[in-house]
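The following pair of complexes shares a single chain, chain A, combined with chain B in the former and chain C in the latter.
And now, the complex of A and B:
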């Protein structure tokens, strides 16, 4: 049924994968960057795709929450597009990093060495919001998918949509803050959150319209909404022009002028033209993002190279392949028994009081999860404010505030659906779930502990220390954890510090001399702790001799 | 050669691999010729103790660049490259005027990281690799840097340089100074106010005179040593006996308009000489 889109998707994916591979291999130099344009295409694609990911939840969750009648199949298609766009969007911030394997340092979770992500940075908020958004919208999708045949899950869909509603808006606000908090003139503006949210919903609607077209279905409500948003975007573009004088003809033409074709009846009736209009909207928004992230100063000739183009193609191919493969695989639960698609006629009882009646029901279900979420968030905030390891970082609650809503929504969602999912699960699946949670707990523990920083096998016991101490024992108990058993420093332990401990070479020991080394051991230096309260001067002298011994052996 | 380098610990035989000194000299000449446009300068009061939490009440290191003395020769750039093992740029980047230099000529005078007390780059660094020392230096922990380049995007003067290329592998860097690590591909770097010299001084002070306050007396940055006109003065803003405070007294102190509100530690001097 969807063979042709899948083939097209795979071809695009393979073509783009070369560019993706080159970018992974070469790092940020592969695409258009220079000493001023530090971000470039991946971030543009990230913002575009995270925006496209919003429409699914918007249509499904927000329409559901506000009582707009849309049939289940349309919502499912939109939600599936959200998940696939999120996968595509998640690739690009990783690709963007200079040192990809260090990405975990962005997670705001203290490790055993006291390293803590800089929670003041919008990038940390961004990472957390999007991770939570991915988890919650996956849970929402699965719940929605399984809810038709399983009664306990059916009740959960609407309360969950109320949780997702603010999260959608929050996520894109945080993405816009990546730009708006900086000093780059082109990126400043208090209107950025609203501007980004409107742009995201606008482009996302266009994507859903195209995907519904592949189902041979059109939803007038969405087309009307798209037209309305074209005016909102036009207003924002005018605002930006008045504020900064920046203006791009292509963006405004494709994004604000072309959609006005929908006013004409003959055009409105032609599905193909509608699709072209939707494509033009996505193109306009993509272009706008690209222009935004590449402020130029150096005139680099090959500004938009083949790698940039390849990354665009890659994202498109990945999305198309992922979406249509999942669409085919999930055909049965997606389509259900529905034949009709699009808007539903409103039933009388719902029409009478679409929001308020449901609201109180939902609120009963949501009370406990919200309370739990609130308490967990409160605990996290108190903990995060108290653990900041660097006295130079002054952290206020306002710095953590952007993390609060995602955390609250995550905890509330899990609390809300844990019980009903447990009821629905098969006995075997329950065992699997418990094992998986155990593994997840272990992973968290491993992350906390980091790599091994143990001093040595056969560490010295306290009792041994109590007896008269040979220098070797003291060295292994007190010094070896940083300086290493053999006097070469323990790289794993000290990788977080700069400068690393001095290499204890023979020349260096000689040049410093016995007295000053003893003084360093007893009184400390920058990263070297003072041991005067634990060692006598005699013992320190012994350590210096031992250090000389080690340095001699190392030669 | 040593006079040209103006670098305290420069020993030609420390590293024989990598590009020759000639290449570095040529790149500096090119960079000086391609000087970028100058800043709009704004008059500011003399820097005082850090207003952010955790700042030291004794030390705040900084520099002053005397615009009346500077003639824009560019010797500071070369000295900085040698002190801090700053790599050369690839041919393509050089052609478009992009260099890894920690010091750049802006409007005929050197400019580097201004070590803002209220630094915007440190606030947006997701991992905390860009951080502030109590002594007022804006520092980089290379091992903790994940290369998100957010700090670079948020620096109002563009003082941060990103290692797009693997300089070691491409033969663009040379280890002049054994005490400074070579930066790997994918991390940010910038002026450190010769952190290693300050550390050295502090270490020996604490070893030799334990219990006495260390004010960084006698420390000089490589650029300050190299300047033939003595236009770059390094010192401690909080120490009245520091050459920096003596030089800046009764002079007009300026900072670029972009960073004037951010409490910079590196400033320009002008007038009343």
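And now, the complex of A and C:
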């Protein structure tokens, strides 16, 4: 039954693998970028796939938490689509980093080299929220998968859904802040959090509807919700037009007009047309994210090269392959023994009980994990405020708050599940778990230790640049990207990137002294990479003189 | 925003809330009504506020959140749950809208955020919500809107 989708997925994956490989090799130069398009296709795809990843949690956790009736197979398929979408989404920020091996520097944790990610940057919030979302979604999926025949896990599912409910909304809110807090006019919008959440849920619902079609099933409730969300999205697009004057006919037509076909009964009864409508919704949202990420006037048509197209194909192929392979592998536990589509899984006792009793039961299980999570989060906030190494990074509650809920949910989920999982695991699985935890501990230790700050072998020499005004040329080639051409890093860097470089001032340069600064340039320090194999000592001294010149001008 | 505009916002939210969740309706009708309100609040905000004022960007969403808060007081079953959720929606819009604007140099509306947050947290423990309590809550929300 699933052989054809798997074949299609593999073909798409292989076709797109070339573009992915080129992007991996060449970095951000491989896809389209220009003076206004800094992020390009990978980040557009990341936002799209993160949005699609919302479907699983929406349908399973939120419906479960609120007591909406939904059958087990629909929930499990939705959760599986979340995990697969997250894997696809995670590829693209890593690709965009250019230096994949240094990804751990985004984690807001002080390491042995003194790195401390810039907590003011929403990219750091983004990494943390999505990482926690991936971990908690996986735990939720496994718990839900195993819960049918294991009583200790069964009672964990609903309290966990209450933990996931805010997290899923939090994640996409944080994604929206990646855009909303920047200087790019098209990205600014205090309405972005709710706008992004609506868009994510809308596209996620469309994905789940398509996946259910592959199972030859339909859930009318999801189709109704998709139609209702098409109006909400139309309202947001209207608001964006009123505020900024930006409007895309294709996006509105595919995302707001086409879904209205569901009003017509003959169309509503035709599964194939429903699938086409869902595809139209995903196309609309994909196009919308691409237009958002590439704000240049001449975007889309001109900008889309073969690598950009290849990355789209790669993401599609990876998702289809991953989803259907896992679907086949997990066929039995996913479907259950005698569950058919449309059968409700809401327990009778929950239907009968008033909501007060239901909340009390969930709260009874959740209170200790929540308390532990709250205390750990409080400790983290106190620690983060006390260890920020650079006095120029002024942290406020608004900067740290976006990290708090993911941390709280992670700790609470692990606390909630630890005992139940330990009870149901087979002895062998317990050994495997202990080994995995050890490996995870080692990885944390490695991240804490940090990588070498030495330059990669074969780094390009800058000898040819050391002509008329060598120090200035070297500065602009090597240093300006972080420290700024004038030595005073701009606010944009502090807001959007990490880690934060030093701002040059005459007092600071005087206090460090010539030899110390030359040593920092040649050997590196904290986030500053070593340039010893690319610059001579004379060139480093020339740079220090140039820095003093810049600091004097700045003053 | 001046007091007159604030009062108008509250009145519109209160007036609109009269028609939500009153009778059992389909998801289409409730969704359609909410979208209609959103468009109405957007038009109102666009016409009454200056385009250069960045708080305009999320005013319609704040109005919608206030409207939903008012409307859930008329829900018969699961009132506590939906009351808490409606206030959290409002808190969400205020907080993250505020975070977006902090990065553009505006002040975070901390008093408003704390007032809504504490009311939402307090509502969790309300087992029974009387009509008097509904009225007090509505007055409290209007006070938050007008003064904070």
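Things to note:
Convention: the second predicted complex is superposed on the first by the 429 of 555 C-alpha atoms of A that agree within 3 Å, B and C clash if a C-alpha of one lies under 4 Å from a C-alpha of the other, contacts with A are read in each partner's own complex, and residues count from 1 in each chain.
Heads up, the rule we're going with is that a residue touches a chain if its C-beta (ideal position, glycine included) is under 8 Å from a C-beta of that chain, and two chains touch if they have at least 3 such contacts.
Note that the structure is predicted; figures quoted are calculated from it, not measured.
Within the superposed three-chain model, A:169 lies in touch with chain C and out of touch with chain B [touch as defined at top]. Residue contacts after overlaying the shared chain place A:138 against neither chain B nor chain C. Legend: residue contacts after superposition of the two complexes on their common chain; A:18 is shown touching neither chain B nor chain C.
In the superposition on chain A, A:29 makes contact with chain B only, not with chain C. In the superposition on chain A, A:97 makes contact with chain B only, not with chain C. Contact with neither chain B nor chain C is seen for A:260 once the two complexes are overlaid on the shared chain. By the touch criterion defined above, A:238 reaches chain C but does not reach chain B.
Once the two complexes are laid over each other on the shared chain, residue contacts for A:225 go to chain C alone; chain B is not touched. Number of chain A residues touched is higher for B, counting chain B against chain C.
Of the two partner chains placed by superposition, only chain C is touched by A:189; chain B is not.
Chain A uses residues 181-182, 495 to touch chain B in one structure and chain C in the other. The part of chain A that touches chain B in the complex is made up of residues 27-29, 33-36, 38-39, 96-99, 102-103, 105-106, 115-118, 120-124, 127, 178, 181-184, 298-300, 390-394, 495-499, 512, 516-517, 519-520, 522-526.
Within the complex formed with chain A, the chain B residues making contact are 52-55, 93, 96-98, 120, 122-128, 131-134, 139-150, 152-156, 158, 161-165, 181, 184-188, 195-196, 199, 202-204, 206-208, 210-211, 258. Chain A meets chain C in the complex at residues 166, 169, 173, 176-177, 180-182, 188-194, 221, 224-225, 227-229, 231-232, 234-235, 238-239, 242-243, 355-356, 359, 396, 398, 401-402, 495. Residues of chain C touching chain A in their complex: 26-28, 31-32, 34-35, 38-39, 42, 46, 51, 54-58, 60-61, 77-78, 80-81, 88, 92-93, 95-104, 108, 127.
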